[in-house]
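Common to both upcoming complexes is subunit A, partnered first by subunit B, then by subunit C.
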Partner chain A sequence: MFDTKVIADNFPYLLSGVKFTVALACLVILIGTFLGVILGLMQVSRSRLARYPANLIVEITRDTPLIMQMFFIFFGLPALGIKLGTFPSAAIAMSLFAAGNAAEIVRGAIDSLPLGQFDAAKSLGMNYVQMMVHIILPQALRRMIPPMMGLFTTLIKDTSLAAIIGAFELTRAAQEIIERTYRSLEIYLVAAALYFLICYPLSYYTRKVEQRRVAGV
Partner chain B sequence: MSKTEVMIEVRDIYKHFGKVKALDGVSADIHRAEVVVIIGPSGSGKSTFLRCLNHLERIDRGSIVIDGIHLTDSRTNVYKVREEAGMVFQHFNLFSHLTVLENITIAQIKVRKRTREEAERIGRELLERVGIRDKENNYPYQLSGGQQQRVAIARALAMQPKIMLFDEPTSALDPEMIGEVLDVMKQLAKEGMTMVVVSHEMGFAAEVADRVIFMADGKIVESGSPRGLFDNPKEERTRTFLSKVLK
Partner chain C sequence: MSYQFDPSVIVKFFPLFLKGVWLTVEISFISILVGLVFGIAGAVARTSPVKILRFLGAAYVEIFRNTPLLIQIFIVYFGLPELGLKLSPYASGLTALILYVGAYNVEVIRAGLEAVPRGQKEAAMSLGLNGVQTFLHIILPQTVRISLPALGNNWVALVKNSSLVSVIGMEELTFITYDLNALTFRSFELFGTATVLYLVLIFLLINIQTFVEKRFAYKT
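Here is the complex of A and B:
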């Protein structure tokens, strides 16, 4: 009924999928966070020239499904002569999606600070950069950590969408094994367990951080 | 001490928030070492007036000159004026991620470009002066409201400002802590600091102020010595307001 041999036989292949899942997730988290911080800072800027384009990018990436963004880049862009492989397409689409969501977290954290913090920094003669670097961002950063961790967990799981455009990663590896062996139950169970093992430490750490915040530190 | 030199010159300033006229043509001269207390009902524009003095609010029209620097001229002047004008807020606004001492040193180091050692020495002196030297390594949330406000005063003083602006500094405090903050302010006044204080503390105004300004609807209704204004208000608006607060 439950075939453990099929698991043992195909486990190395699943792990090779894990490698790409982790690589894709790391890439997306790094690029997405970097772009997200820039976009978030642009959103809270006083300059319209910075604010409007940032808002546009953030709204587009947040208000359309990630899978559509992937389809657009993988299937749509070739019509404009831009042909990208499955992995780069997935990485680009997911990085933009991550950036839009990270930007909202950055903006939200900054906006949630009491206005008095800005007033106090300005009243001491700080310019915009000094105020952001020494007063606003250190405080906003603490508020960003839990939602950022949540975003990272979501991103890791969403890398599985890359399988739909044919990128090789854990979900794709599982599908390929199942096509050969017809053992959906065993293989999907193990694949799910592998996702869990990647994500759980992050969620666990997030909860720890949140508990510390409640304690007032 | 001579009180003839004009420190803050305000000429006919206007400020709107949407359709609301917060300041509707305000002019005033404040002299060196003068202590001016601004009173008035909420929404009278007194806090906005104070915030305009260090450009936390941008005025729509008019001019403000602080110790010879035209506030409306350029961005450089805005920062220069803010360095010279210390401000104390109703809700203290201490930086919650920094210790008490760091709250006092950060702007000294980053804006005034002092060394850490010098900034800390000045910081400790000021903490001593406001009576909380032993709290320098605490975080703001570990302090009482009165202690936080005294740190906020020390933080502003560390920049060695030429004027101090107080925006209802005791309104958010428990009654038993008001005295400790007012004592620090009285001491400052005695040392010859130029002070503009928005406050509901009539006792403080009567004791310390050289002049009291009564504002209503974005205008200065009348001003005068505390005794003159409290005992013989000329305007009906002032009388009505005082009869409500001086009971």
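Here is the complex of A and C:
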């Protein structure tokens, strides 16, 4: 039978997991967005020296599963003599993953701007930095917002993968409770509900922003 | 101690890797096909004039898109037996993957449905086609054509997400790699090989998708 007492008893423990999920997500979103903007700018750069390495990082992080990247960092780095805990390993792997995906959003937004914007900036005598800062980025930024928010929702959900390498967050907390109580259905459903409470407002707001953009307001 | 790269590990275990790749391809392929059916059904429900269907369609999409796939896999595999529904790892993993990609497909196909001009439906009706015929012969083919690029993104995500079923013991590419790593500790060779294999899979998928897209594009 559905056991509500086990939920009530273990709810505080799940909430302590939520704290780490939120912390990991914030960390990853901040570092990932920062690195992603740099990578994205490298991708649209005229220098091959900037473009090629950026493209390589973006392709690898976007075209392979996140869990694979996490294993690579978690099992691979110790082989090089770098020992990291589970939480830092998850944070590093996810930040790189976030950066690659954010870079593609930045590149896509810049590439979607009409070429005339670049020409006009140059014909006004602006140099590359001036053109980027005053003309291109302000316009690209508006186009980046909805896909970036979509990426953030994905990242929050993906923090659950940190549990696979043993980092403590909501999913790991749920697993620990289940190891003690054997009530998988109840605990995982509550965990799912907690993820939903975090993600739904964000994805709802994303849709509103997108609709407003499409409507041209 | 310095780490020595040892390519012989890759050669030695390559047949096992291929076995993993095969299962990854198999579950991805099944999920793509069945997920499409779920996507179409959900999109029809979401655009239906019946309020309760619209609500159910929306609830399906929001619940499955706003919770982690990992938790969904756990609920199907570990949670459902509490209700007396015991599924094998294979059936559980596939169920979760299909439901997950299906929810993403709903949104894409709904947008496609709404993009088909109204005149198409009116023209079909005026030719005497009934509702089902209009949908199957007129609306759906155009919808799928419009939705193909966005569906392709969902499929790429699906192949990557299929790695998560390794956690319930399905022996696909990620599981095999993890297993070999626990056995040999040759992390770089093993995860490097798996990374390359995933890149090849995704690359192939993107090319197939581009080919299909061109094949079904509007002739101008």
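Points to keep in mind about this one:
In this section, the second predicted complex is superposed on the first by the 217 of 217 C-alpha atoms of A that agree within 3 Å, B and C clash if a C-alpha of one lies under 4 Å from a C-alpha of the other, contacts with A are read in each partner's own complex, and residues count from 1 in each chain.
Please note the rule applied: a residue touches a chain if its C-beta (ideal position, glycine included) is under 8 Å from a C-beta of that chain, and two chains touch if they have at least 3 such contacts.
This is a predicted model, so every value here is computed, not measured.
Once the two complexes are overlaid through subunit A, subunit B and subunit C fit side by side, free of any clash as defined at the top of the document.
By the touch criterion defined above, A:145 reaches neither subunit B nor subunit C.
Judged by the touch definition given at the top, the superposed model places A:184 against subunit C, while subunit B stays out of reach. Of the two partner chains placed by the overlay, neither subunit B nor subunit C lies in contact with A:38.
In the superposed model, the angle subtended at the C-alpha centre of subunit A by the C-alpha centres of subunit B and subunit C comes to 100 degrees, rounded to the nearest 10. Of the two partners subunit B and subunit C, it is C that touches the larger number of subunit A residues.
In the superposition on chain A, contact of A:134 is made with subunit B only, not with subunit C. Touch criterion met: A:126 reaches subunit B, while subunit C stays clear of it. Within the superposed three-chain model, A:117 lies in touch with subunit B and out of touch with subunit C [touch as defined at top]. In the superposition on chain A, A:68 makes contact with subunit C only, while subunit B stays out of contact range.
Between subunit B and subunit C, the minimal CA-CA distance in the chain A superposition rounds to 22 Å.
Common to the subunit B-facing and subunit C-facing surfaces of subunit A is no residue whatsoever.
Those residues of subunit B that touch subunit A in the complex are listed here as 51, 54, 56, 79-80, 82-83, 85-87, 89, 91-97, 106-107, 110-112, 141, 152, 155-156, 159.
Subunit A makes touch with subunit B in their complex at residues 114, 116-117, 119-127, 130, 134-135, 138-139, 142, 216. Residues of subunit C that touch subunit A in their complex: 1, 3, 62-63, 65-72, 74-75, 78-83, 156, 160-164, 166-167, 174, 177-178, 181, 185, 187-188, 191-192, 194-195, 198-199, 202-203.
Those residues of subunit A that touch subunit C in the shared complex are 59-60, 63-68, 71-72, 75-76, 79-81, 153, 157-161, 163-164, 171, 174, 178, 183-185, 188-189, 191-192, 195-196, 199-200, 203.
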